[in-house]
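Across the two complexes that follow, subunit A remains constant while its partner is subunit B and subsequently subunit C.
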Partner chain A sequence: MSVGYKPVLWNRQKRMYDFVILGAILVYCVIFIGLNVVYHPEIAPSTLIIRTTATLAVLMLHIILCIGPLARIDRRFLPLLYNRRHLGVSMFLVAAFHGIFSLFWFHGSGNVNPLFSLFTSNLQYHSFVDFPFQTLGFVALLILFMMAASSHDFWLKNLDPKVWKTLHMLVYWAYALVIMHVMLGAYQMEQSPVLSSMLGVGLMVIITLHLVAGFKEGRKDHQRHQFIENGFVKVAALDEIPENRAKIVHIGKESIAVFKYDHKLSAISNICKHQNGPLGEGKIVDGCITCPWHGYQYLPHNGSSPPPFTEKVATYQVLLIDQVVYVDPKPFPEGTAVEPVMIYG
Partner chain B sequence: MISSLRKRHRIHWVALGILLSVGFVAALRVHPPKPVQESILSELPEAYPTILKEVENENLKINLREDKQNRHQLELLLKKPVKLPAPLLYLNITGELNPQGNTLLAPLGAVGLYRFQIFDENIQGIFFYSPLNGKTAYPTKLK
Partner chain C sequence: MGQDEFYIGWQAKAPQSYAQWTRLVIPLIFVLVLVVAVLYPLNQQGFSNSTSELGKFTKIEGVIYKYPVPMLKVKIGENLYQNLLLVGFGKQDALPTLEYLEQQFGNLEAYRMVLNAEMVYYEGRTVLEVPFSQNKKIDFKKLDKPLPPQKIESLGKVTLQGEIVDSKCYLGVMKPGFGKIHQSCGVRCISGGIPPMLVTQNGKGASNYFILIGAKGEPIGKDLLPFVGKAVKISGELEKVDEWMVLKINPENVHFYASTEFESVYYTGN
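The block that comes next holds the complex of A and B.
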């Protein structure tokens, strides 16, 4: 969250995170290249570059796609979610290196444009097994490029949440394209059981995690709530809400995040004004509720972004009776200040 | 996430789960036909049973063979590739290392075993000749 448009809002945590990413990338390259040099000394340097960057990008894509559902299944994975954008851009850079290097290596020596050659050198689009797998990789890379480019503050600010989310959900289809790019390309050439086994396990993990997280959250939408008098709904026992974190409840069309902080309780809408991010999965940083997606911030007692920002979300009335937290699902107008409930003892 | 977004995620992953699983298994089971390299050499004829003459050096080995009908066969085991452009194998009839008057057997220069039925009398040996530069290689006499 910033007043101006900056590609990256650096802080110590992000620098550490990026340092770890860069280090992990270098370690992977050294290990992969080292093993290949030892066990396949006949391998050409160009092939080694293509394989190293390909396997690294696929591995990073798997890690990225695991983070979302893991954070929804178990809150302990939430810290991984906060800087996922940096991992995504890093993965795109590795994938782009693989794609551009391969494009010029395989299509750059002819008398036609390499891109034209890419789309026309194999025209068996009617065949499954001989399908031009390189075009699958190209389309996947295009999607990843659009995602990486739209990570910039300018696009975050100006793209409609629906458009932005639709664009970013294309990563799932990019993943599908990448899987088929490998299975119809590298796998068909070598039919390596190691490659297919690792990719198969990765695919199973990704699909299972997303389905489990999806159906787990789906149950929340249909759960029955315990109402008490004057419309309040039971949220949770007080000690179920971690300090500086929230408990999320879905009541009818309302998605509410009840935060515990500084011996107080406050409830605001769970949906960030920016890109519909889950505020209840964020935490309180510097006294502000911080969206885990892009760091937009709101004051817990009135749902307003601190000046000079103008975003506002709805607030809700909270009750604490016998160490049990209740919330009234009727929202106050966005930005309405509500006295936080004090926690004594 | 809002409820509608969660629903979109579920729909996406149910669809992707089915499509990707089918695609993955199909790619595992269906392999493209491997290109078959057809042999550019004719099959090696059977060796005649009797060896009349035998010569061997570091580059090649020659056996002059004969069968029961007194037909002759030259058996050549080339140990090292012939370092000539487009080499041709000649039977040396005249004693001269050039094509004139000698019998062309085959264009070859790669390491391997070769057999040729021969009809010439007075074979003095073999040599390789390149029509591109006029040079010869591996001249070998049949003693």
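The block that comes next holds the complex of A and C.
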């Protein structure tokens, strides 16, 4: 949480995560290079470098894009989500190696600047099949660079979470550009249906996971709300909300998490200030609402992070009538203290 | 998963149900890694058995000729010679080296020179990269008598179908050195002066190579850039210069050929 920006504290989970990333990269490189050397002994070292890094980066990008929806579908994938930025930065480094090496190998040592050559060697921008595919990879790499460079929470705080999130949603544009880069480049030379199937399966898996996760979220968004006087909206019967957990309601543009804890009820915004994580899927730990994505914490009665942290979210008025919980969807300013509703009996 | 179990990344240990699930998922990720790492190499196209010795310098003795493109004529047997294409460092021609040597010696054909070269070769065709920096000081010997003149034989007008490549990459520096994936590199090489070459196939798996020059013998590479890496049909005057086939063309007679493969049978005719 943001108060000062210190070197990352490596706990056991982080170390294991990075160990797995490094191990998987090494296993991939050893097998990919080894099989190429055995089955294609005539392959050029430069080609081997370009293809190893290219295929590895594409594989890593697929895994990265699967983690988000998987964590939405099943919370047990959250450990993969928590340190996903490590995987993202690792993927960028592999992709950057591929891009920079290819740029100098294919465009360097010539009669013009390599970057100028990249954009002017093939001028068939008007043609789909003949489109200069390397430029697509270059733009994708620029996006991945911006994401990797801004992955630290320093940028999250200083860019504003919404801007930061928008920037990082560009990963889908990068993915689309990468797919086109491969289809209009390397795959123009390949004839094996296995290779095209691999890319097709990857694309379908990502689309399917996002649709399933979106469908799951959409069902929550389309709850019917029963309004009562003074603008309050029925949330749930009291016993539907587990202790130290929340019930999420979406009313108009408001996404609200109503928490039950210590014989009390409080409502805050469902949107975490860090990365828009779903606070209502979190839990009250040590008296604080704890975001399931990255563990950011807020006090339930005022939506403020405990000192010395400074994050604040909106709060809402709650009512309890005849064991039924109601909330007023009109938000109070972020960090406003609201007296919790007491639960008697 | 127990309702109360809650994962927090900054805690040292994950709850049991999360840890168990992660222990199941990680091996699956490694299986995915293995599948991709195995399937790609086993299903990709093969590569030519060309050889590139970039980085390894060899002293090669011969006589430099500038027609149809810079070549070093080396003796490989009694009255037997082979012409090796001369190119410069990277994607550039051998002009700096040749101009320097011409300033030193005048008529290059009157000398036998020992060049420091990196060899690239494939199917009996060889390219020598002769960087200027490696050839400022070379051994040479004035010939007592000139070598037999180049044997130039006119074979008439032909129309050929194939792909325009840069000779250096195609003959070994790049794998693959043809097609769309190599197109922009080929453009850069040819615009830098690497001799352009038309590659055709005879329908039986064998390739034929034709050095492309202008109708008057001038370099023509820069006019061919839009056609590099694509199937083309070219008409021109076919000439045989020693063991090399040379096609003298007018750029107006180069046309895209509606084929997704560059292999095609070439034919001759008046």
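Basically, the second predicted complex is superposed on the first by the 241 of 345 C-alpha atoms of A that agree within 3 Å, B and C clash if a C-alpha of one lies under 4 Å from a C-alpha of the other, contacts with A are read in each partner's own complex, and residues count from 1 in each chain.
The rule we apply is simple: a residue touches a chain if its C-beta (ideal position, glycine included) is under 8 Å from a C-beta of that chain, and two chains touch if they have at least 3 such contacts.
As the structure is a prediction and not an experimental result, all values here were calculated from the model.
Overlay on subunit A: subunit B and subunit C clash in the combined arrangement. Of the two partner chains, subunit B is the only one touched by A:Ala176; subunit C is not.
When the two structures are aligned on the shared chain, A:Phe106 is found in touch with subunit C, with no touch to subunit B. Contact with neither subunit B nor subunit C is seen for A:Gly231 once the two complexes are overlaid on the shared chain.
By the document's definition of touching, of the two partners only subunit B reaches A:Leu203; subunit C does not.
Measured by the number of subunit A residues touched, the leading partner among subunit B and subunit C is C. After overlaying the two complexes on the shared chain, residue contacts for A:Phe32 are found with subunit C alone; subunit B is out of touch.
In the superposed model, A:Gln191 lies in contact with both subunit B and subunit C. Once the two complexes are overlaid on the shared chain, A:Asn11 sits against subunit C while remaining clear of subunit B. Judged by the touch definition given at the top, the superposed model places A:Val20 against subunit C, while subunit B stays out of reach.
By the touch criterion defined above, A:Phe77 lies against subunit C but remains apart from subunit B after alignment on the C-alpha atoms of chain A.
Among the listed stretches 147-155, 165-173, 183-191 or 219-227 of subunit C, only 147-155 clashes with subunit B once the two complexes are superposed. Judged by the document's definition of touching, subunit A residues 130, 184, 188, 191 lie at the interface with subunit B and also at the interface with subunit C.
Contact residues of subunit B toward subunit A in the complex are 1-3, 5-10, 12-14, 16-17, 19-21, 23-24, 26-28, 30-32. Against subunit B, the residues of subunit A that register as touching in their complex are 128-130, 165, 169, 172-173, 175-176, 179-180, 183-184, 187-188, 191, 196, 199-200, 203, 207, 210-211, 214-215, 217-218, 221, 250, 253, 255, 270-271, 276, 278.
Looking at the complex, you find that subunit C touches subunit A at residues 1, 3-4, 6-14, 17-19, 21-22, 25-26, 29-30, 32-34, 36-50, 52, 89-92, 173-176, 179-185, 187-189, 191-193, 226, 230.
Residue ranges of subunit A in contact with subunit C, taken from their complex: 9, 11-14, 20, 23-24, 27-28, 31-32, 35-36, 39-40, 42-44, 46-47, 51, 55, 59, 63, 75-80, 82-83, 105-112, 117-118, 121-123, 130, 132-134, 184-186, 188-192, 194-195, 198, 242, 244-245, 282-283, 285, 290, 292, 294-295.
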